[in-house]
């Protein structure tokens, strides 16, 4: 065995799970009543906060996002506070804490105060099941994928609480949009995940990662449709830009956040990033091989690989936010019900057939490469065919105006001026 | 005190009765629906505690029943809410006391 | 509009403090779920009674007022007003003055359309990126204005009989550099947005007006051309020697928000062409004729119009031989373009209403005057 | 079923669910009642975890919190402000008496019966449950899916407005 | 170049289309009688020779004793513009028929004229004060609004040699 490979020994700090596991064993012997669980929760929370949440949220989430969006918009982004503006998030946080948190007179005070608090809790809970490394997972429960989907449906209710409690029409609009969109997007999301689960045969996240590691293929190649659906649904539920209709600032001011100010708003803002990073972590775990990188994880600490992948995935969210306009709510609904749902069902049928074939024929594991090719082609064909069937004709849309040289009256479409240049 | 079967059954019974009270006494159709949902949840709890502690049929049976109950509850909620909305549209009220189409 | 939810109709105030009303403008919409059933405009928050004030100042003193009507296109407003006074008083403008006026008006059109395009894409929800890109180029145009007139926004550059100052010598190279970059920039914006599915879905068919409706509602400018009517005052009624320049009128297909958007983009290209030609053939000579300070045009009236960035920008001036206009009326294009707002928004969603408002390209200073 | 943690969890959950149920009963604002109901659903999922039904706990959260509660919220939003009163009818006292009696009887039965209790915690994975549903309970399973479809179609038919019907008739 | 219709040309056509509609004509403009205004405008819009499909500009002018409402109308196909006017003689209760039935886009400009001059446009679908608020005292663009005694104008003192405006021909109602 190579001396630099990562081992399971407790002193091998390249996988922090080894040490914490050892500590837990020792504590379990020493402490009564299973108090160790409480302690472990506290330690795990503190550790993950220090090594992951804080840097991710503040540096990548707030600073990185602002900097990147700044570059996309051909401006500098934060560059005043600290070196390269790195302390900008801290300055923002201090500013937010100093601000007065206004409460409208007619607001439902209890709900308005409760909403930001309830919004934070699920975000922390989400990270409990994410495997950062072979031994670095706080709770490797057997139904982790379902757990993730379940917990991530709770913040929607808090956004509803927030929107409703203000007694403001814009907020109510935001709340209604959130509720309507959630119902629509939960369905294709779960159906897409079902395709993944059918392939791997496990609902555990660590199991999913190990399955990908064993077969040396990422599920994104096997399940391109599920990946796309996950990405779109996630950005819909996270209110990221192409689908941020719940807080669409050009239409309904700030949606459910309209009346929030100070740190109550700050909690929503920060946790929005937290949820986005959690979704990125989940996407990386399920579709992009988690902490594995084709053997490199034996050398490099796996949690570094994982965090790197997560941030790259999060970059996709930033990118779409920086470039895409926003859809209208009825278009979003139509897209979910008429486009993503049928395609997800189609994907499910395809996966079931392939899985059946795999088991019945007792085929070799390398058949997944064939499946990957088939699925990618099928995905492209399904997306193209279904969109054509729904009446999508990009080539019929003129993108340049007609040009005429003389002023006069109405120019009928047939005469067409001098045509598009 | 370590919770046993009786504890779960007691909780289930209390919840069931509370749900029944809500369903019987609420004026609002949506309130009545919520009472029914609480009753169904109480039944689920009871079934699962039997599945966990009971001897005989095996735990899978109880869980399968719960799956069916959840399904039926979802269907029921959808239909009941659709009814409430359409009754509101046609009668401008969802007060169960005033839904007396057959009487007048 | 399937997928919309119906509920009790209620009134929603879009504005006067709203990110998408481009100033203090307010639409009272009555919504049923997300669908708009009624829309009423409320304006006048910025009313300064300019037409009254202008009756008590001399003709020359009124030029700064015109800056402050449409503060995004002050050059065009200056031009419209001085043309009306020159028509009234029968003053001729030297060749060079006319050419400089054309250059300034077209640069102003580019700057104003940059703003219009950027703000419109912001209304569709493209989070600030196109705005910032547009501002980048608009800044350079404003730099040119600063170079010539000393002001960036409210230039006050045109004078009765010509322009205030001659062009500085660094103006021409700077303008040529800008003109070399602008087509690439327009292509960039086009690449970012025009082929974008989401953008198309948000703007195609939204706020569509047929040619008859657009005419009947007295619309002008890109809104009229978006509906397929080839009407451009620079072509139809050339002023300042526009007949010498070679350019074309872009017209749309069905008069929706997308058509107005692509018409604006194309107009920027055409403006680049015009400025290029005007620079190449910039005549020498004086930039202005001498006009008495207390100008007293003969009694009468004149209606002069120019093709402003937002549409037909008309000035109706009545003189009673006094030193100040007897009656001074502005025909504000974005005010009149708004008259079709209800027609375009009712039946659509709130999000559509915002897109429609953005496609009209209103400037509240001009609406309220 | 032993350990301090489990007992603690049970009593906390009991407190939460009972408070939530009472909140549904007592709150005058329909929206608050719905939020209490959601709290109750979450507490119920906690019970399910305690009863080692992980899969069902997650399904409970997804279906009840993610779908049913959202539907109820939606229905509340679609009804007017006046319809958001969660008051009682005059049958409140009789209902309370009836339910109290029922509760007394059930509690008596619970305490009086000598339940045969299995000691070891049975392990039911999602796979076991799925197999049972598709083999032994396949007929009810199919019936449930038919029921769901019928409910879906039925509720769509119910809430269609006259204009939409007129549109479809053309 | 846009062709500018002179007053007599428009007057001849209008008189032919709607007899009795023309009041008088000057080289610049054709004055229509208020009672036949809408009818004549509709005829001028529909007639092929005039084809005034586009109401460009609508504004009022106060001449102390009467108001004029000025309509600039144009045709795209013929590339021609004409100026049509109507007199409003009653200063106490000025009123004119609305041209909204002919050009729907006139409603905002008529609202503005009503707001600033107080000319009531009869038949207007929604005549209200569009720029100022309801209950604003007076009509700002009238010449007697805030005028100084004797009809003097503020703000022109630096041109001391200039002749003051003539005193108003009618008594100013303060």
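Labels for the chains are A, B, C, D and E, by order of writing; each one numbers its residues from 1.
Assume a contact is a pair of C-beta atoms (placed from the backbone, for glycine too) under 8 Å apart; a residue touches a chain by one contact, two chains touch by 3 or more.
None of these values were measured; they are calculated from a predicted model.
Q: Imagine chain D is absent, with all remaining chains left in place, and give the connected groups that result.
A: Excluding chain D but keeping the rest fixed, the chains that touch end up grouped as A, C, E | B.
Q: So if I look at the partners of chain B and the partners of chain E, which chains show up in both lists?
A: Neighbours common to chain B and chain E are absent.
Q: Which chain is the middle one, judged by CA centres?
A: Central chain: A.
Q: By number of C-beta pairs in contact, which chain pair leads?
A: Highest contact count belongs to chains B-D.
Q: Which whole number of Å gives the spacing of the CA centres of chain C and chain E?
A: Each chain reduced to its C-alpha mean, chain C and chain E end up 25 Å apart.
Q: Please compute the C-alpha centroid of chain A, do the same for chain E, then give the distance between them in whole Å.
A: Distance between chain centres: 62 Å.
Q: Counting in whole Å, what is the centre-to-centre distance of chain C and chain D, each centre being its mean C-alpha position?
A: Chain centroid spacing, chain C to chain D, equals 60 Å.
Q: Report the inter-chain centroid distance for chain A and chain B in whole angstrom, where each centroid is the mean of the CA atoms.
A: Each chain reduced to its C-alpha mean, chain A and chain B end up 34 Å apart.
Q: In chain E, what residues contact two or more other chains?
A: Within chain E, residues 76, 79 contact more than one other chain.
Q: Would you mind listing the residues of chain C that make contact with two or more other chains?
A: In chain C, residues 5, 7, 229-231, 236 touch at least two other chains, as defined above.
Q: Of all residues in chain D, which are in touch with two or more distinct other chains?
A: Only 55, 59, 67, 71, 74, 77-78, 80, 161 qualify.
Q: Which stretch or stretches of chain D touch chain B in the complex?
A: 1-2, 6-7, 10-11, 14, 17-18, 21-22, 24-25, 30, 33-34, 37, 40-41, 44, 47-48, 50-53, 55-56, 59-60, 63-64, 67-68, 71-72, 74-76, 78-80, 83-89, 91-92, 94-96, 98-100, 102-103, 106-107, 110-111, 115-118, 121-122, 124, 128-129, 132-133, 136-137, 140-141, 144, 147-148, 150-152, 154-156, 158-159, 161
Q: Would you tell me which residues of chain E are touching chain C in their complex?
A: Its residues touching chain C are 1-2, 28, 53-57, 59, 61-62, 70, 72, 76, 79, 81, 83, 103-109, 112, 116, 130-133, 140-141, 145, 153-156, 159, 162, 165.
Q: Residue numbers of chain B touching chain D in their complex, please.
A: Contacts found on chain B: 1-11, 13-22, 24-28, 30-31, 33-35, 37-38, 41, 44-45, 48-49, 51-56, 58-61, 63-64, 66-68, 70-79, 81-86, 88-89, 93-97.
Q: Within the complex, which stretch of chain E touches chain A?
A: 76-77, 79
Q: In their shared complex, at which residues does chain A touch chain D?
A: Within the complex, chain A contacts chain D at residues 32-35, 37-38, 108, 111, 141-143, 146-147, 149-151, 153-154, 156-157, 160-161, 164, 172, 175-176, 179-180, 182-183, 186, 190, 203.
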